[in-house]
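Note that the chains are named A, B, C and D in the order they appear, and that numbering of residues resets to 1 at the start of each chain.
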Amino acid sequence: MVIVMKTDSKESDIQEVSKIITSLGLGVHISKGSERSIIGVIGDKRKLGDIPLELMPGVEKLVHIAESYKLSGKTFKPEPSIVDVNGIKIGGKELVVMAGPCAVESQEQILEAAHAVKKSGAQFLRGGAYKPRTSPYAFQGLEEEGLKLLAEAKKATGLQIVSEVTSEKSVEIADKYVDMFQVGARNVQNFQLLREIGRSKKPVLFKRGSATTIDEWLNAAEYIMNEGNYNVVLCERGIRTFETATRNTLDISAVPVVKHLSHLPIIVDPSHAAGKSIYINSLSKAAIASGADGLIVEVHPNPKCALSDAAQQLSPDEFGSLCKDLSEISKILGREFKYGT
Amino acid sequence: MVIVMKTDSKESDIQEVSKIITSLGLGVHISKGSERSIIGVIGDKRKLGDIPLELMPGVEKLVHIAESYKLSGKTFKPEPSIVDVNGIKIGGKELVVMAGPCAVESQEQILEAAHAVKKSGAQFLRGGAYKPRTSPYAFQGLEEEGLKLLAEAKKATGLQIVSEVTSEKSVEIADKYVDMFQVGARNVQNFQLLREIGRSKKPVLFKRGSATTIDEWLNAAEYIMNEGNYNVVLCERGIRTFETATRNTLDISAVPVVKHLSHLPIIVDPSHAAGKSIYINSLSKAAIASGADGLIVEVHPNPKCALSDAAQQLSPDEFGSLCKDLSEISKILGREFKYGT
Amino acid sequence: MVIVMKTDSKESDIQEVSKIITSLGLGVHISKGSERSIIGVIGDKRKLGDIPLELMPGVEKLVHIAESYKLSGKTFKPEPSIVDVNGIKIGGKELVVMAGPCAVESQEQILEAAHAVKKSGAQFLRGGAYKPRTSPYAFQGLEEEGLKLLAEAKKATGLQIVSEVTSEKSVEIADKYVDMFQVGARNVQNFQLLREIGRSKKPVLFKRGSATTIDEWLNAAEYIMNEGNYNVVLCERGIRTFETATRNTLDISAVPVVKHLSHLPIIVDPSHAAGKSIYINSLSKAAIASGADGLIVEVHPNPKCALSDAAQQLSPDEFGSLCKDLSEISKILGREFKYGT
Amino acid sequence: MVIVMKTDSKESDIQEVSKIITSLGLGVHISKGSERSIIGVIGDKRKLGDIPLELMPGVEKLVHIAESYKLSGKTFKPEPSIVDVNGIKIGGKELVVMAGPCAVESQEQILEAAHAVKKSGAQFLRGGAYKPRTSPYAFQGLEEEGLKLLAEAKKATGLQIVSEVTSEKSVEIADKYVDMFQVGARNVQNFQLLREIGRSKKPVLFKRGSATTIDEWLNAAEYIMNEGNYNVVLCERGIRTFETATRNTLDISAVPVVKHLSHLPIIVDPSHAAGKSIYINSLSKAAIASGADGLIVEVHPNPKCALSDAAQQLSPDEFGSLCKDLSEISKILGREFKYGT
């Protein structure tokens, strides 16, 4: 960290600030410029705790030059992590595709969806049992009943199950049925929930919030990892911007940026980013070309009858066609994806 | 709702869509334009549930012309609501000021803060016991211990207590100590939490999320009100934009917009918006001038020693000076605020 | 267009609005709902000019259901346009790559750059002669001298030249030297400039503004096309958001959205989007995978000596490697790009 | 400026960077931290020109600790500037109100508007003669004819005239008629235009762009001041965000932030921020309460007949009522505004 002093700060101000820093076992380096002085802090800045140096006399601002996350960063672990979900490896050579309906609606629907996505090559079945919806008057999910149907679908197809948890209680329940927890965009800074998941060892698909910077996202992942659960897979799903042609703006750059800053795997959710099924094929290919480790895509056996987010769900045929494309494109990129069962 | 058909839609497409709508007990009005036709839906559109009309053949898009929230809107209740917290009326002629430290740190600190803010005219003491922080390595709050200290401060000063809850469990605990729950920006769409609070009758200070539109915010308030708790006070605290000179961008227009769309009272939090104490006097006066029903301001007996968000907390003297200004300005605006005890 | 009436509007209000509309030769369709009435306007809404119907008694708001641009839209011309620049076709099967330094700095630099990008397969040489820079103290470009150097480089390599124009006067001068004008992000709504370019027939690369919606961008393109110049190629180059890990946020979805709404070709500028050369390979592949018709990439013979935007310029080797990747990936996508001369 | 080295940088990297810096007559201060070293640059960083230090081996990033603008900043001139327009002082004790229609439409309209705003206390008449409009099919202004009508209105009322210029040519023409140039949001980085205006000595009202940070805005003002024209008045008019309830989001914090960073006066345009006349009274009072030096407000003698931006223009009565409010509120704030002639 660097402490920038005001242009009219006094020598005694600099001494005062330095004294506090050194008293905590940190070093200082004072650099007197033509207009202002700066004080470099040497050592682990977490020793400073929450001491508000920015309020001391003569201090103009603090400039953080190192990132505040640790476990999720490359400095902590330079080589890429692979998250293993019952043998399916996320972050390795093979691309991972998670697919299924926005919400679990019925046994028939989820089984049909499961067979359909399995047939095209997906390794995971997704399906919401706890649905956070903007309006309380919209369909809120089947809750535990939905989780049971997902478990049945797993038995029938061998697909791994990923499903969203929205509260400490739902973590406890879902733990019995799913192979991977999903934390949704709205809960990216629901720190109680993150700690709860951190105390489990179950892998977690951790979506970015719609207004979360990459730096904040990696800090939030730190809440999970700090409790001991290192099996975190990040998922970019679009951020909120002024553009309304799509539901969110897919921040495709997040893929190379995360690969540069973190060792965690990252996949992309084109469905929530676009909000419209016609754009999903294009965005999925872009995601894989940018270096993502996989996709999570909404697929419904009959989109026209979907109870939520119908406009963004692919039909099984559209999904099949996408998987075929992925299979081709993955080879060029030095990755692998097996189309068809 | 209006259904816009594609320019190349067929007569049979229009018939098909109309059939579904009328089958649900709703009316239709078909209007054939020079380039495209539109279908107006007559009746309560919630009868449509989640039927994905946008996926039917010939349909280009749906245009919503009425708002989706109900209980929080002016159509439901045209006259302004007043929320009564043990005799303190929020939304009436008198301005309400909530003040206190970002976080409860110790008995001494919170008592000193309470006496100081009381002295200048505040009616509420604020102080965080459960602190959601970006990094897990930052101070996380004293939890129930903090709530007990707030209750002591209430006894000593008669101030009402408002404090943040972050999970279903913290609602249960805080219920014993606080007069008003606070839902923070990060939990604006933590729907489980909102429902839990809705089942209480205790007033709630409901902050806007940093990326939440006013429409989504009023829909989220609906989650609380739909469970029976109508004692909701909204709080604008800045939204996330590209500008970094302030921590968030205070959306001052939210005050007149909310007053236009909703009957709920609205106050402003200049501290989290600005992130810097030097801007708080200016923004507080602007908030009141724009028509806000009050303020929630961070005040620390000794900002330089604060354990969190030190840069944005006022000293008791700065707060006293602000309250004096508010007292003057409120008269011009046809409001009231009594400076000093 | 649909006119939404207030819930308490009167029959006479509806009649008044209808009268104005029909007096202009447009038709109306009145639809009385359970809560409010709506009036559909039938015919070319441009006949309404700027009449402020939203201010008439009883009117709540106007809802536009058709886009306001015409010449740039699919309704006007459903099949994709191909822009021909001296035989190089943009928008056809072949991908088009424009490459070169941010700014023209010297004869040696631009010739070296030209030979290098030609060697890897680029069809266009880019290079700024008029440089809009955030600070007046930064390098502002060689102006006409720079254009002459570009023309020399064309002679030496046969590459087409694209370069930015920033004022009516620079259009006049650049017209003598370049094969394609470029309009930069800052001038996306400099309508005088757009009209001036519209009066030329020379192809134009038209960048999106950093805060321009796709709808506004297509409307701005309309300023050029309305003067008679239909040779417009759009260029997505990142929008401004709250994320600061990249210089701008590349809106990759703009590619499929523009392909859906417009017949104009679209290419992508990953250099200005990322602002860092390490992310450019990843974003370039994503752009092509998403369906873009080409790229414009910054390449400098010696990035470490560049006079502007050094951090985002590729070295000739990095660019060569990118072109190789594009050549491979284009085949999978049914496109073509020839690596190497 | 501070240069942050990579964690794995070598001693020779540090030496290399230092050598370049000192060769330019600047000093260096090297500070070796526990994880990484940083190099402080001592002296006027403009000596570095555009040398891309961020590309040198071992360098991770550059951190700018001082602002890049100079003439517009407080370091250059700590006391507030007052811009004098023929005796009307902007930035002094008296508030300045500029009012008038969005566009000059006819002699009758502009004279009526001028008399109306004069009557309530405005010191300036505004009115657009050159109108940048999103669509080329919308009314584009009367151009020079409109300027002549403004000059007539000045003769009739004694009001000062402020009007927008959009190109070098319009600057030349407008110079004959107006007392103050206005640069609109879309031209905030039209640097050719700014330089042209800088070569004049005529005062300029300089609006912020809808996606311009305060830092970039002050840098853009530098283009005008660097040519010798110091008579710059800033104008906050709303920025683009995700919120659509208002046309733009008024960044009210820009007022205290600009007052903190710059000596230039700042006024607020609530009309373009809100886009709806019902919010303008509220936002105007907020602007003045926040410390703004004045307002520019759209007033039309008959808003229902306005040819552009009708929804956001006040009627003369609404404007009169606002001026009365301003007169009251200004006293409390230690300012002055005389309601009525």
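Methods note: contacts are C-beta pairs under 8 Å (C-beta built on N, C-alpha and C of every residue); 3 or more make two chains touch, one makes a residue touch a chain.
Note that the structure is a prediction, hence the values are computed from the model and not measured.
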| item | value |
| --- | --- |
| Centroid comparison with subunit C (C-alpha atoms), farthest chain | B |
| B-D against A-D, pair bridged by the larger set of C-beta contacts | B-D |
| Intercentroid distance (Cα basis), subunit B paired with subunit A, Å | 27 |
| Gap in Å, rounded to a whole number, between the CA centres of subunit D and subunit B | 31 |
| Subunit A-subunit D separation of Cα centroids, rounded to whole Å | 39 |
| Residues of subunit D whose C-beta touches two or more other chains | 211, 240-242, 244 |
| Complex interface listing, subunit D residues touching subunit A | 2, 4, 7, 27, 29, 31-36, 38, 40-44, 61, 63, 65-66, 75, 240-242, 244 |
| Touch list for subunit C against partner subunit D, complex | 46, 49-50, 52, 54-56, 68-69, 132-139, 166-170, 186-187, 189-193, 209-211, 216, 219-220, 222-223, 226, 240, 303-308, 310-311 |
| Interfacial residue positions of subunit A with respect to subunit C in the complex | 211, 213-215, 239, 241-246, 249-257, 259-261, 273-274, 278-279, 282-283, 285-291, 325, 328-329, 332-333 |
